[in-house]
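The structures considered in this document are given below.
Common to both upcoming complexes is chain A, partnered first by chain B, then by chain C.
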Partner chain A sequence: MPDVNRILVIGGGFSGLTTAVDAAETGAEVIVIEKNSYLGGRVAQLNKYFPKLCPPICGLEINFKRIKTNANITFHTMAEVESVSGGPGNYTVTVKLNPRYVNDNCTACDACAQACTAERPNEFNFGMNTTKAAYLPFNQAFPQKYVIDSSYCKGDCAKACKDACKYNAVDLDMKPGTITLNVGSIVVATGWNPYDADKLDILGFGKVKNVITNMMMERLASPTGPTAGKILRPSDGKPAQNIAFVQCAGSRDESHLPFCSYICCLASLKQTTYIREQNLESKATIFYIDIRTPGKYEKFYWKVKDDPNVSFIKGKVADIVQEQGSDDVIVTAEDMMTNKKVRMKFDMVVLATGMEPAGASKKIAGVKYNENGFALPDSGIYPAGCTKNPMDVARSAQDSTGAVLKALSKANSSGQGR
Partner chain B sequence: MEKNIGLYICTGCSIGDSIDVEKLGNIAKNSLKIPVVKSHFAMCGKEGVELIKNDIKNEGVNTVVIAACSPRIKYEEFDFPGCIVERSPLRELAVWTQEDPEERQLAAEDYVKMHVIKAQKGDLPEPYMMETVKTILVIGGGISGMTSALQAANAGYQVVLVEKEAQLGGFANKLYKVVPAAMGEYSEPLIVDSDIADTVKAVESNQNITVYKSAKVEKTDGQPGAYDVTISSNGNSEVVKIGSIVLAAGWRPYDATKLEHLGYGVSKDVVTNIELEGIAKNNGGRILRPSDGKEAKKVAFIQCAGQRDPNHLPYCSAMCCTTSLKQARYVTQNSDATAMILYKDIRTPGRLEYYYKAAQNDPAVMMTKGDVTSVTDAGNGNLHVEMENSLLGEKVKIEADLVVLATGVVPATADDPILNLQYKQGPGLPDLELFDGFADSNFICFQYETRRTGVYAAGCVRQPMNMSEAQEDATGAALKAIQSAEHVAAGIAVHPRAWDMTYPDPFMQRCTSCKRCTEECPFGAIDEDEKGTPFYKPGRCRRCATCMGACPERIVSFKDYHVDMIGSMMKNVSVPSDDDKPRIIVLACENDAYPAIDTAALKHMKIDSAVRIIQLRCLGSTNLVWIADALSRGVDGMLLLGCKFGENYQCHFAKGSELADYRLSKVQETLGRLQLEAERVQMIQLAIDEYDNVPRIIGDFVERVKEIGPNPFKGF
Partner chain C sequence: MAEQVISPDLNFVKDIIASGGESLKKCYQCSTCTVVCNVTPDDKPFPRKEMMYAQWGMKDKLVSNPDIWLCHQCSDCTAYCPRGAKPGEVLNAVRKLSIRHVSMVPLFARIVQDPKLIWLLFAIPIALFFVFMPHKSLEFIRFDDKMVYHMFAPAEPHMYAPFVLKMIFGLTAVFSILSALTGIKRLWSGMKAQAGDVKSGGNLTGDIISSAKTIFAHSKFADCNVNRLRQWGHLLLVYSFVGLSISGIWALIYSYLFNFTGPYPFTDPMKLLSQASMLAFIAGIVIILYNRFAQAGKAGMGSYFDWIFLTIVSGIGATGILALALRLANVSAGYAAFYLHVVFVWLLLAYAPYSKFAHLFYRTTAMVFARHTNRES
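Moving on, here comes the complex of A and B:
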């Protein structure tokens, strides 16, 4: 029999972390499984949160501290749940542990990266720059441990990084492993992926050089990003001063994501503040169907709308092409308010790509999903955050705290009997 | 506790190469009189940790000072239960950030001394134990409150539910139909009966739940874990012991009489969305006009009526678009009736988009964007709705036989404290003005955190939301209430220091009743007794130590954090006698500013050698005596690095950095007395991600202090 008060949290992003710390602080034993080499998930890549424009790492740091000080939490990075079997109160979960090639001896001294001669595309920055094959995922990554991407190791350099480490932390012979866990209940917080912009033919991504996604914009604006926070367009590194935002890029669209992704209106409004802050002359134009800023977020919309250099056009974008003979981008759309076709030129276009639940591309055996890949609650298994419905960070926090109580009640079906 | 200190100096990560560790060890042995001083090339490795464990076991070491890396790393390795553990970050603050070998050595010596003193002055925490109950009070018997009550009761907790009306159910009772729950596409029927009656029954039959109807919270006295809540119901008053509180007092519709321009009060056939529910419910689903009882054939829904409007409610009520889409179905149940929804934006986030799409597919439901400017009598018994900037044209007039105003949500807390807290700082939740009266949180990441410990808001009193969102929200609030009750019972703090077993322990004999602590505590944890002397309610306390900073008598202390401890660290900072070499002390918030400094160090950025950095729990704990003492012994300047404050404050204790700034404005007087320049002390707001700016911010401050010149007290 497993310990009845033991909860498995699949996913170490914002929702998973919230679930984990709230459950552990209520006395449960929690195990977190995270596929990346670091905790924090999608929000770790964000530059600022709307509407406060505060850094996401601030809240993450507190949650990391709550993990560090709580013996009830264990976490595995570079780990993936392979299957779930059993039932409420007694689940068996198999977890694959991928090799980090760096063990717990790592002191984050950077010697391995300095010795490393191989480079790899930096997926944290959506491939917009590179890192060494031995690297720290980002400056404030937790755990503060290096990782080696062995697929980029060159035959002869392996010894160099191993020799550079004085603490025997580099272990290139590490093999994948499997562990089996017994838990009472499960919270699925596998989060989301940006919808694949390559599938949005008419919006030019991948063909028109200066069309990027909203997540790429977060990295461009971030001080830890590929351009150290300067918003430069990809083709020529010129500061992007006149930017279009294309809303519902793939969302609210029968051929792509039929639902609304909740965050993209607010994300674009937020991103206009990034460019406006960097350059007094800069301009932003938002092409939208509806501006969705529910609740108190309305005031954030007003703040952006008050900026004379930000304009709004209600209408769906029909076509995005590169201007002949330049790197500028031509956007064609129909302005629904005037019933006229508009054709406008921009330095760069940001596609507000939507939120595809992780379950759309990868399902966990033993977890139920709907037709879009959102996980469904099942006695003893509870989805939290964007795993179950598109939502912002605030709602994910709230939802994940709620998931704890459901999971606790189920994990300990005898009740705590106060 | 009798301390037996062991100092463990790591020589790894270049510490041994760039610092004379032997000299460091000798200082510790000879001038600091540390009995056990050891070094190892990898203190965090197995061997190093064993070395320490061995000394704990065999040498009686019970206070471990590790001079190695930042406390943000290797926390598992350097965890020695039962011992005081202090980390001196030589690697980050001396080796990686200092270029000059001499300065590096000096920095290392200072940091070792400072942290040894800190360890000497500290003590092991002891939890604050008091008699507590874990009963949860839920205020409000609507869908949110009932959900909280059921969730907590099902987890085994006793619940007291207070509802102001004579029956449970709240607004859900008034609804004709609700939006069905769907996990994906919606299918017919698109309007269903609510299951509120089942929920009411579940609450009323639950043995763990005591329900008070027609009831009100008269008074909430005491503190988390030991609240005395006076509940009045039908003329009787009763005091109930409560552990923590879920505030689910709900909402009321915006006063439609203020919407005369939209025809309300002008024509009987202009109704609110809530009134429409009543019409449908009372007539078996038929939509009959109030004026003549005829069935409405052409119904216009005006969205955002008195919402998203600076003259009325500035916010969006989040639920009204879906409500109107639902109510359009009430209308179109009659096959020859049509509904027209006039909107600014249709807001159906997430999977609700499917519900919108279903309405778009209904030919009897029409929708258009536009700004409604007026609703007037059409003269033929119908109404004219005038719009501008609409999809149908610049200016259009639509005829309708019934107009429904989608009015918004006004939270119960907008003009009523509800809780009636018997706190010196007042009866309601503070900060409400930031959220238009909602009992909301200013934290994005920590949704249930307010400035009243043990009180967690849920549902529409917290934010506008729909019923299914309210149920999720209520479950989260119930969990936080349970957590708070459990933590207080165990004598541990709640978020954001949920691990902290210490508590403020004021030495009251020296209290002068100046009441600064009472006023400044962000959480209202300090009341006054009948003589006007501050009176601590530790259950409300979050352990930010703002009171410790506020107290001019310096009487507030925690086992592991007090004025003398930080003051003594400062006294152990070397002050160069050379006039060209200023010494500056940086006080940094441990939650944000310090991690930013730490990250700058990780990037091997160089920081001016003039500074010595001390971590504080929160900048709010800064006591002005530190500044006076440091400057009077020749320290040339002090820089406070804390979180952003103001409307979008980032301080995890809400007010800490702002209060530190406020206190600094008062320090001028002290400096004046010492004939020192006010500019020697400055506070700068620094966010955790601004680490690239750390060297410049510190460098600029050092330059400014250099311009002012050396502290005249130097050498005294």
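Moving on, here comes the complex of A and C:
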């Protein structure tokens, strides 16, 4: 049994990082397990936060710095928790470590990528472009270490990467490994995935060229994204001037996600500002059931509503097709205010897809989940942030701090707290 | 926007819920239903607004609303409803209440619509034919070498049996026609009052002809997605009813004008028509029933109102085939099958303007009205 508070944090996104630094700064020992090759999770993919519209990387960097300077925190990237057993105060956790093929000698000099002959789809940009198979996940990635994707870069390609590295950082002999950890309590912060838009058969994603998701829009608008921040539609690279936002794409729908994803209304409102900033003539239309901007976020809604080039149509979109003979997109909805079925043409359509909890597609043995895949609190195991409920970044941070308190009280003893 | 005072009729809401629309309150007015509906006009589309009227108990807006009848129960709305509010089932329940609302004899509507009165529904014709038909025995002994169904029963057959049978059906048909005409008149004036001063298209005959064309071509059904198969089942049933009606009248002509009575040989053109119709009827009902079960997950299971009607229609088919088979096999139990057949046929005829069959009259009326007021072209 550990003689100090030792807490395992599963997931190194915004909630996991907040949990880790808050717990570590009380003196607890924290281990963070992250499945990606970088920390920061979904927030790292965002162009801007609402409502202040500042870049999220600022907030992440503060946390990265706190992690770097705190000896109580260790973290593993490219690692996945396989199972959890034991009980409060004494959990045994097995963790699978996947090989990065790049060791700590890496200085992120880019020589391996320049030498690399293979390319891979860039999942950080939702496949909208490619990277070399030796790559840095994104330019501000933490840790600043390259990754070699062995499924694309083998044999001569892998050798070329290795030969190009002056620092002996490429290690092609790395093997998957398993470690066993003994911890007192666990915070599950595995976060969320964008709901799979392919499942929304009537909304055209994957069939109609210029239908994208809101998370793709974040990457399109980001200076580090596939178009260097210019919002160009996928089919022909034409600047998208007239964009529709389709709210509740999969959320609040028994056949998909039966719950409200909380952030999509604000995300779409925010994304209208991306387009409007790029071009004075540009137009945005939001199709909605009802605009949900809780609390102070209502002001953000009012601000966007004041823009005459942003229109709101009350009525859910249930049909999206490509215009015959062009790449434009025809969207059908009932405009409930005029009581007419309307068919409108847009350059591009953004589906405001919701949050599917990571537990919906992959459950950790030993953690309890509800029917939608949200993790449930259990004595000694606490979900934080979007693992528990859909929430925005600010609430995730608050929720994570709350999870720290609960985890600390269980970490060192079987239910007695201290 | 003009101010409107709404007086909700809570009993009407309860009636809808009790009639198969129990999912009504789940609707959150997103209008997915209206968009996926291929049958609705673009202007003031349905069924989203009907769901709101139904939730709010706005009976007047619903019972005389042509849109509830323009709906063909494709159930595309139900399949795509994100809340499981099943607009298709709710509108079906509303139609049932609309039938009751315009009915000439509300008691008849109740008997066929209320599951608690199912015993009465069947007891009436069973008793009717038992009491009025001129036989007093149910011992099915062999009457003759040849079984003759219009003599109705093998024991103590009566020369007046065919006449009494025709009298009962004749009077029932008169009652049904009167009921349907009354209902059509009430529905039409209700729709006219609801519509207010809508410009009418003028040519009523033209509107009737174009509606009839749509109905006989089943072109509205072709717009359905989920219940695509139903188009063919329904089409076969409609044409088999037409065929059976024609052969029925033909048989009357034979017996009264030519004194040529049944059973008719299978080579007779009238008999050929009725046999072809019977086959279409069987195929139609099989397709409809299969589709009902196959699509229940997407389209909903339907209500008592649907199933009692399907039972009557299937009952006609099943007892008809059974009676025919037994007659050909010369087994006198065929008379019992024929007795039940007559019971089912009477149920269909007597309750036509009160059961789900009434859609024949009221959907047609609504389609004509919609064309007449330029709601539909």
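The criterion applied here is as follows: the second predicted complex is superposed on the first by the 409 of 418 C-alpha atoms of A that agree within 3 Å, B and C clash if a C-alpha of one lies under 4 Å from a C-alpha of the other, contacts with A are read in each partner's own complex, and residues count from 1 in each chain.
Keep in mind that, in the parts below, contacts are C-beta pairs under 8 Å (C-beta built on N, C-alpha and C of every residue); 3 or more make two chains touch, one makes a residue touch a chain.
Predicted, not measured: the structure shown is a model, and the values here were computed from it.
Enquirer: Of the two partner chains, chain B (first) and chain C (second), which one does A:108 touch, if any: first, second, both, or neither?
Expert: first
Enquirer: In the superposed arrangement, does chain B or chain C reach more residues of chain A?
Expert: B
Enquirer: Report for A:202: first if it touches chain B alone, second if chain C alone, otherwise both or neither.
Expert: A:202: touches chain C, not chain B.
Enquirer: First (chain B), second (chain C), both or neither: which does A:240 touch?
Expert: In the superposed model, A:240 contacts neither chain B nor chain C.
Enquirer: A:334 contacts which: chain B (first), chain C (second), both, neither?
Expert: second
Enquirer: If we overlay the two complexes on their shared chain A, which of chain B and chain C does A:187 touch? Say first, second, both or neither.
Expert: neither
Enquirer: Pick one for A:255: touches chain B only (first), chain C only (second), both, or neither.
Expert: second
Enquirer: Examine A:310 and indicate which partner it touches, taking first as chain B and second as chain C; both and neither are also allowed.
Expert: Once the two structures are laid over each other on A, A:310 reaches no partner at all.
Enquirer: Which partner does A:166 contact after superposing on A: first (chain B), second (chain C), both, neither?
Expert: After superposition on chain A, A:166 lies in contact with chain B alone.
Enquirer: Of the residues on chain A, which ones does chain B touch that chain C also touches?
Expert: 252, 336
Enquirer: For the complex, which residues does chain C have touching chain A?
Expert: Touch residues, chain C against chain A: 28-32, 34-36, 40, 42-45, 48-49, 80, 82-84.
Enquirer: Give every residue of chain B touching chain A within the complex, in rising order.
Expert: Its residues touching chain A are 12-14, 41-42, 44-45, 69, 72-76, 134, 151-152, 154-158, 183-185, 308, 314-318, 345-354, 357, 369, 389, 391, 435-436, 438, 440, 442-448, 463-465, 469, 472-476, 478-480, 482-483, 486-487, 495-496, 498-499, 591-592, 595, 599, 602-604, 644, 648, 650, 652, 687-692.
Enquirer: How about chain A: which of its residues touch chain C in the complex?
Expert: Going through chain A, the ones touching chain C are 202, 248, 252-256, 289, 315-319, 332-334, 336, 339-341.
Enquirer: Quick check on the complex: what are the chain A residues that touch chain B?
Expert: 14, 18, 21-22, 25-27, 49, 52-55, 57-63, 65-66, 68-70, 105, 107-110, 139-140, 144, 166-167, 222-224, 228, 252, 258-262, 290-299, 302, 314, 336-337, 370-372, 374, 376, 389-391, 393-395, 397-406, 408-409, 415-418
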